[in-house]
């Protein structure tokens, strides 16, 4: 797992914090490595969140997602790690991440997790 | 952001203010500029509202939407700005704006916000 | 707006007023004029109602709908006017009109309004 | 309207009256005449009912539906008449008839009515 | 109607009676005879049930369904008879049978019935 | 039935037990043998679960699923056995298994069962 | 068969005989009678033709098609008769008629015939 | 195989033998028996032909198709037999029969054969 | 590869060798083993052939296909082997086999080969 | 570009070189780097070939494709390089590679190239 994602992930001030609104992002180009074999894994990520004080800056998100390219991790750990990192920098009111992994060993896996802000 | 949209946006009197009814508009031809790179962004806007005393005049809405062509702004800021401008001139009972932005950096973004009148 | 639609619209006695039942009509051939440019607008109307003492006669409805051909009116005004006229002659228990207007200036507009009888 | 449908419609004893169950029929081949012009009208009928003591015999239903071939009637009257006749001979616990009429004068009409047994 | 289906239908002990679970079967190859004309009727059967102590053995179900090949019966009677026979041998916690019969006389018929265990 | 699946199935520690999240797996390559004829059966398995302390390791799941290749079992028994084995090693908060078996004797069978953790 | 269709069918002069162009008509409301049982048959007619000196007048075509309402005829004879009548009055360069009859006795029949002008 | 289908199959004189035209029939309700197991087989037949002097009468075709209900035959033999019988009585200019059999032993079979008249 | 498939594959005499006709079979339940890892592979086979003197008997084909269950072989070798065996016993005028293998290592493989009789 | 792909790519002897047959592979998990920005590119590769003396071994192909993960190259260069490498080791009678690259800068690019053996 990336030990410190914050240097990559950037935010900007939510331009309308007085309002609950939803940001949805679909990221079909996620790839990381299998922790057992070192072979590449591929997934499509879907992120939904209601920002509080910060929004996630798009280009830094792209770089953050790209930073997993040489990182090994179980599907479940990677999904929760990304959700945790994004929630840590954006401190959203609500956030959900769904990761649809490509078939491995004849098995298709999807992991879906939510974060609820205070 | 356009500093003063009101000169562009026009309204006309709601012909039936005694009744709650819904106006839905789909605007597939929105373009603005990326605030970081200056490159063009494209989006489809979907607007729903229940008018109170005013309806938004269609041609002025087209011109207003077109006025973003050379304007730079984050997806979140642009969406909230448009919602805010439209709500300011029409003072609707309810309004929702959904902006589906085209892929950038391999990421598809949608921003959705609501305004509730008094 | 047509100043007096009643001479065109005809009704006949509801053959089964003892029962609540629903009549749905889809009218894909509505056209009127843009009040600003004089150019033709096109819409599909969808009408649902529960008749009380009267049903709307089909041919007179066709003639009434056709009478808007040379009439100018904003989308919102035209939709509410038609709903008002139909409700005035049929005095239904419930009526809803949805008007899907064709794209103008790159914008697709739908107006939907309801009437509730006493 | 057919003055006396009962001679055509036949029923047989519900083989399982101790149980509430549903019979659904779709009849795409209904035709009658327009009462104003004498021209043919066409419709698809959809019938749902929960039988009580009687079920409607299929061939007699076909002949009954066919008996409207030379009968004139408004859409609303025909639909209610058929529902009334079927409910009169079958005395069902519940019955609903939906008639989707083909386009006339550029207008598509659907009439839907229900009968509730005692 | 088959006078005694039990010799054909076989069951086996539900391997997990401690748990409510659902078995769904789709049987597109049902055929019987019209009781009035002797001509063949065809239907697709859909069976859902929650087993209690017994499950229906697949091959015996196929033979039981095939045993209607030379049997005459109204749609309603056949459907209820099959539901009754299956419920009698399997004594399920819940069972539903839906029979979609092919068109006859221009009319498509579906019969749907449920059984609730004690 | 495999007498002892645990030696095959492996788990790893849930990296985020503090959070309820969902893992969904689709396994289209399941095959076992018919207990009556010895002929092969084929199914698509769908597994959903909320992990507690353990996640099921993907490769061991593939091997476990593959271990049924030469095992005979009724559809109902196989489905419940797999659910039971997976629940026994992973002790999830919730788990559901749906097995869609290929057609046999003209009949399509689906078995669906759930496990609820303490 | 109607003994003399010409009094019903009317034509008008092809406004552009110097050009080969195609006219296509779809007529979903055709009904006639079965010559064996007297029961109604239903079909959708599709007509394609390249006019020479005459075009078929629309309302007269509707009346002509409607004139089969009480006429008995085999599917093949009716289709060829209609093609023959239409070709006789319009003398087209090319004409094709396809009649899709509704299911009878579990069999769906389509008849397709062509006429080639001199 | 039925030893003598001709007594069932009837023809009528082609009303328009001067013209090549096509008759297409879809027959989704074919069933016969497996010659090895005696179990029922099901198929959808598709017949296309250009008649010469005779057309196949619809009701006799339905009875002929139904006469296979208790007949055993390999898919290939049944398909060729039906094509042969139909060609023998109708003596068409061209005929094609396609039989889509339902799955047996996990295998879906289609047999397609043509007849060319002299 | 199975060293001698002929004992499993059976044929019967083509009932209509005087005619070229086509037999198409779809076999979605093929499984064999990977020659490198011993892990199962899955494929859907599509077979088309024009028989000469022999047809392939369906049940023996099912058993033959099933005989690969414990056999290891590269996709290319297995496909050619099956085509070769089927062509050897049936001696068809033409035969084509297409094998669609399930994804392995993120790669979907299809092998298609033809046999032309003398 | 990888300077020497041969050590990764492996082949095995074509089991049926006496026959022209086709192998098709779809590889949706290709990723490399943009030579200008160093950012990841993604593509789906489609490979068709007719083997001569050698077939490409699946696992080595997967590793070869994966070896581009850290390689920078223009879309056109990468596609031709892969085709060249595969053709060099397999010496096929015919080979075609189509690379569908994901959108970049709002532009979707596909590169398709062929190799013809001697």
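We just call them A, B, C, D, E, F, G, H, I and J in the order they show up, numbering each chain from 1.
To be clear about the criterion, a residue touches a chain if its C-beta (ideal position, glycine included) is under 8 Å from a C-beta of that chain, and two chains touch if they have at least 3 such contacts.
On a predicted model such as this, the values are computed, not experimentally measured, just so you know.
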Neighbouring chains shared between subunit C and subunit J, ordered by label: B
Neighbouring chains shared between subunit G and subunit I, ordered by label: H
Higher-contact pair (C-beta pairs counted), A-B versus D-G: A-B
Same or different contact residues where subunit C meets its copy subunit B, judged by the half mark: different
D-G, F-H or A-B - pair sharing over half of the B-C contact pairs: A-B
Inter-centroid spacing, subunit D versus subunit C (mean Cα positions, whole Å): 29
Rounded Å distance between subunit H and subunit J, as computed from the means of their C-alpha atoms: 50
Interchain centroid distance [CA atoms averaged], subunit D/subunit H, Å: 37
Subunit H residues counted as touching two or more neighbouring chains: 28-29, 42, 102, 106
Touching chain combinations (by label order): A-B, A-F, A-I, A-J, B-C, B-J, C-D, D-E, D-G, E-F, E-G, E-H, F-H, F-I, G-H, H-I, I-J
Residues of subunit B that touch subunit C when the two form their complex: 12, 14-16, 19, 21-29, 51, 55, 57-59, 61-62, 65
Of all residues in subunit E, those that touch subunit H in their complex: 28-29, 31, 39-40, 42, 66, 69, 102
Complex interface listing, subunit G residues touching subunit H: 36, 74-77, 79-81, 84, 104-115
Subunit B contact footprint on subunit J (complex, rising order): 42, 102-103, 105-106
